[in-house]
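You will see chain A twice below: alongside chain B first, and alongside chain C after that.
Entry: the complex of A and B
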């Protein structure tokens, strides 16, 4: 796992208060009770802090899954190779 | 305004969404949303709505100065319904000190999303800023933890527990403080 992938997983686990093993690409909002509209906000703040980026509102709204988060962060120069 | 006069429309835009008055063409879509068991389970009334009931409701709504119902649009697509009504019976919204907002997001793609706050921010800004309300109130089912968490985040305080329901209230000062971080997320630049 790349270091940024680990940071991403840790960010999701911390923000949603779930085990890291639960953070898979298919994890999406509404798929677990912990990821609601409030946790969504916490998650964005957590990822912005860990990757030192500031996302547009459209990207915040579009960040609907772990895979989508990685895709969006890629637009801000974060690599996951 | 007399009972027969149709209210002038009020359109609110901001935080990435638009609220526009519900129109007759929206009724069947809204009725289907409202009757969906997933949405209905959180409503205080479990009754399903017939087309006739829906049409009669809309007819009353047109001239009712005590309530307003909006369709929520995101990227020009309807995603839910937002409403406000005067808490004190018969008091028009523009004279009401206590207003009860309502909301449901029908589009599952946005239910667990920060966007779910946007219509509420618009309504609350309108109630406190334009209508001059001094308090917003809501009644939530005691077991609807998601709605209680959502409203606490906006600054609501629990006022009373009774018969499985929780009455919650929000003043303008608490709202201003609590909503600031949410507004900051929803007021950033957009790509388009």
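Entry: the complex of A and C
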């Protein structure tokens, strides 16, 4: 697992207060009670600070799954290989 | 009454959801149809409310039939719902389009009793604020007086229907013949903004948390040509954030209103329409309302800058509280409403809230009584003290080695229906108490600083 992937998983686990094993690519917004609109803002703040980026409105709104988060972070130059 | 002239707005659009749209005439017809299914005498109608067309119709049918509507969050747990039903014995239950008749016993209900609203949100306390028809009408009238609502406006729901601020937006727009987009999604969702743009929404309302989310979404850089004004209530938004939003509004030819109220005053007591100059103020009392500041000994404060407890008087002050159906028969006359807030006024007569007397916090606009939280914990075998601020709930508990902190936290957040991010739990060996055995809350607060 690449280190950025590790950071991403940690970021999700911390922001949503869930175990890291639960952070899979298919984990989606509103699919678990822990990832609601409130946690979403915590998550955005967490990822922004961990990857030192500042996301646009559309990206915050579109960040609806773990896979999507990776894709969006990619636009800001964060690489996951 | 604001709900009596619906048909006079004719073909204007009243309500829009994702499937349907109703003109005022159609809304009036739908209300009359449902009203004919309700008892012919004053009854208690429990509505499991959500921001849906059916909820609005049910609410209006109850009001126009002269009934009393007990509005309950549709997401309330079955356990709390059962408890409410057994305490209040509603004649009819309505959930969306489903009408269930429970019993035909005539309850003794005060003639002017219109709505029962919970103040405690998710703690499931059965205590209700009883509002009269006059209260609802006074609130809708005062809102229409100081907010620039026009018949051509379109609002979008951003708050729970059964929450007094949310309800007040519905009432004031129906009174004005304006349109309401019934939305159930958060402001951070794509669907919300699609609806916003599709229907050309002209005003936006939010509690502090909503505005914090919107600021994080870079709200002030969004292209929203239809938006004319915004309102904020339901707790205190940090002055720097108010300043950002109020200045943005000023620069873009919009208005940003900071408002102050509580359910006991049918949502509204004061508004500040010059938040770009005074972001920390709640402003002046609404039309027909009046503030008074009192010292501990009950004497009036007449000088600027001196802090005291804030009292309010006006036609929107509730009938009273209720804990069960027997409290609904009659209400003692209330004069001044004690807000529980500490405040002062400045040289220009603008009021500023500086603190709180009673032990409650406001999370996401909803009031959470810390004593209720302790009761829930105690009922579940915890010895615990709850403290906190509008930033979050903090609980110190004695776990006797059972479970770990994250489990207790997850359980409590789930029980209270709160996101775990605003709940902090600390396990302690002993709870801090004063010599007389009463909780030492400042010491509890300090535990979280260590």
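Details
Just so it is clear, the second predicted complex is superposed on the first by the 81 of 81 C-alpha atoms of A that agree within 3 Å, B and C clash if a C-alpha of one lies under 4 Å from a C-alpha of the other, contacts with A are read in each partner's own complex, and residues count from 1 in each chain.
By our rule, contacts are C-beta pairs under 8 Å (C-beta built on N, C-alpha and C of every residue); 3 or more make two chains touch, one makes a residue touch a chain.
Bear in mind that the values here come from a model prediction, so they are computed numbers and not experimental data.
If you put the two complexes together on chain A, you find that chain B and chain C bump into each other.
In the superposition on chain A, A:40 makes contact with both chain B and chain C. Applying the stated contact rule after C-alpha superposition, one finds that A:17 touches chain C and leaves chain B untouched. Of the two partner chains placed by superposition, A:25 touches none, neither chain B nor chain C.
After overlaying the two complexes on the shared chain, residue contacts for A:59 are found with chain B alone; chain C is out of touch. Overlaid on A, the two complexes show chain B and chain C touching the same residues of chain A, namely 33, 36-41, 44, 56-57, 60-61, 64. By the touch criterion stated above, chain A contacts chain C in their complex at residues 15, 17, 33-34, 36-42, 44-45, 56-57, 60-62, 64. Residues 29-30, 33, 35-41, 44, 54-61, 64 of chain A touch chain B in their complex.
Those residues of chain B that touch chain A in the complex are listed here as 16, 108-117, 146, 149-150, 153, 181-182, 185-192.
Chain C meets chain A in the complex at residues 186-190, 193, 209, 212-213, 216-219, 221-222, 364, 406, 409-410, 414, 419-422.
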